[in-house]
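Think of it as A, B, C and D in the order they're written, each chain with its own count starting at 1.
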């Protein structure tokens, strides 16, 4: 089954992503994960200002990342075109994670994961996920979500 | 007159581009300049491997940046969609610069400049520009280039 | 005459600062400029929270960078130890610039410049520099500044 | 027991490390991990050029990162002084990992992990760790390592 269109993105490795070994410098993959998450929300129809803070707009709910990981299978070099597939997963009423798989035309090249926790501003107490994130999680899972 | 299509690009400000003032952190603009230069070459038809080093392929000519500058007119926040226009200019047989203008739908927001020098590997002596760069410079200037 | 101690800093080029050409990726120099500016203020005795925004603390005056530039004289490679000298200069009552020179033991390797403008929050109107910045500018110039 | 001096480092959170939420942007922690690993080798007495590629010097053994992870316990803001403790662990003859703990004066704030694999250039086949890395691993573990 084809994934939802907002869950399959593309990008190209740029010169500034590489290091003196000639390949992508490893923390860049986690930057790409977050940018893919932002682009996915945007393609789905969520405005950045609903989820990410901007000057003068204090959001009621922040979504800090509490864990991330990445695995690197093959070197990526400048100019490589990669496909990024996202698999968002709700963990409970107040947290979710996103799994990211990176493929070049022929191969799996890397995978990443970010885990996000909803907290209230300014108390920093745990709370429920924002509505926009819930809609994105549900649509991404095509009704496969069990009642919470 | 509309610019060549490979000279008008777009990008969106991402959360990781911002700092605690809520706006784009200033050196990111110069990263965007270089990524726009790479994307422009790619759209024009130059493969990354012709211009940028990859492992095991030593290029005869390197193009280090010897100068850059940027001016910031308005704050950019997460989610802002910007248009980047490039104006490549040959300076002499062995160097060129690229001027970049950044606009949001209504306003000029910033401008940047990178200056590139051709040098031979491994001597690091000045030399002529690679053919691929010359083709891009000439096509970008629509024949406005004087005979060299 | 020896510079003030808070105006002569050191750092080492790290692997993540380099790109596939094996040398420092050019926008990193401007990151180093800003980090040197922050470290200089800290060594002089200005707390970061007096000048840079932190969550829940809105500063009355912001100091956005309105211009920057850099010149690159020699390649920097991973492990290079460099000295950074800062020369802060007040431009008028509401703006200043910092000039940075980068040297390896034997050579000038690069120079940079950042220009900062004081603006009021949230109106974004121009205003006078914060007291902490004025003290740092004056002490850095050893009394050569005239009374304002 | 006090750790070896090359395994306890310090750094300060800088403005460019933060994002619009006012706190450290999460991939920066993994940059700090790698910089701490480089600084630890340097303090121990290993020259960067023994382990990291520089232009014109092809190393026989590369040490790509094949896995990384991070956990974030508390927000870090601009100006925070943190201590980084490294715990290097040999996994087998051709791989090792480094565990990093980040503490502010009163609290554990984050932890990270990088896993490194030795491969031969240019075949990219697995091989034994370089001598310099073996010495660092052994000294870091105070003789607790068995002869190989």
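We adopt the following convention: a contact is a pair of C-beta atoms (placed from the backbone, for glycine too) under 8 Å apart; a residue touches a chain by one contact, two chains touch by 3 or more.
Owing to the predicted nature of the structure, the values given are computational and were not obtained by experimental measurement.
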(message) Going by more than half of the contact pairs matching by residue number, which of B-D, C-D or B-C reproduces the interface of A-C?
(response) B-D
(request) Could you quickly compare B-D and A-B and let me know which has more C-beta contacts? (result) A-B
(request) Could you tell me the distance, in whole angstrom, between the mean C-alpha positions of chain A and chain D? (result) 25
(request) Give, as an integer number of Å, the spacing between the C-alpha centres of chain D and chain B. (result) 33
(message) Taking the mean of the C-alpha atoms as each chain's centre, how many Å separate chain A from chain B?
(response) 28
(message) Give the residues of chain A touching no fewer than two other chains, as numbers and ranges.
(response) 15-16, 20-23, 27, 31, 34, 52-56, 75, 77-78
(message) Can you tell me which positions in chain C touch chain A when the two form their complex?
(response) 15-16, 18-20, 22-23, 25, 27, 55-56, 77-78, 122
(request) Could you pull out which chain A residues touch chain B in their complex? (result) 12, 14-16, 21-23, 31, 34-35, 38-39, 42, 47-49, 52-56, 75, 77-79
(request) Enumerate the contact residues on chain C facing chain B in the complex. (result) 20-23, 26-28, 30-31, 34, 52-55, 62, 64-72, 75, 114
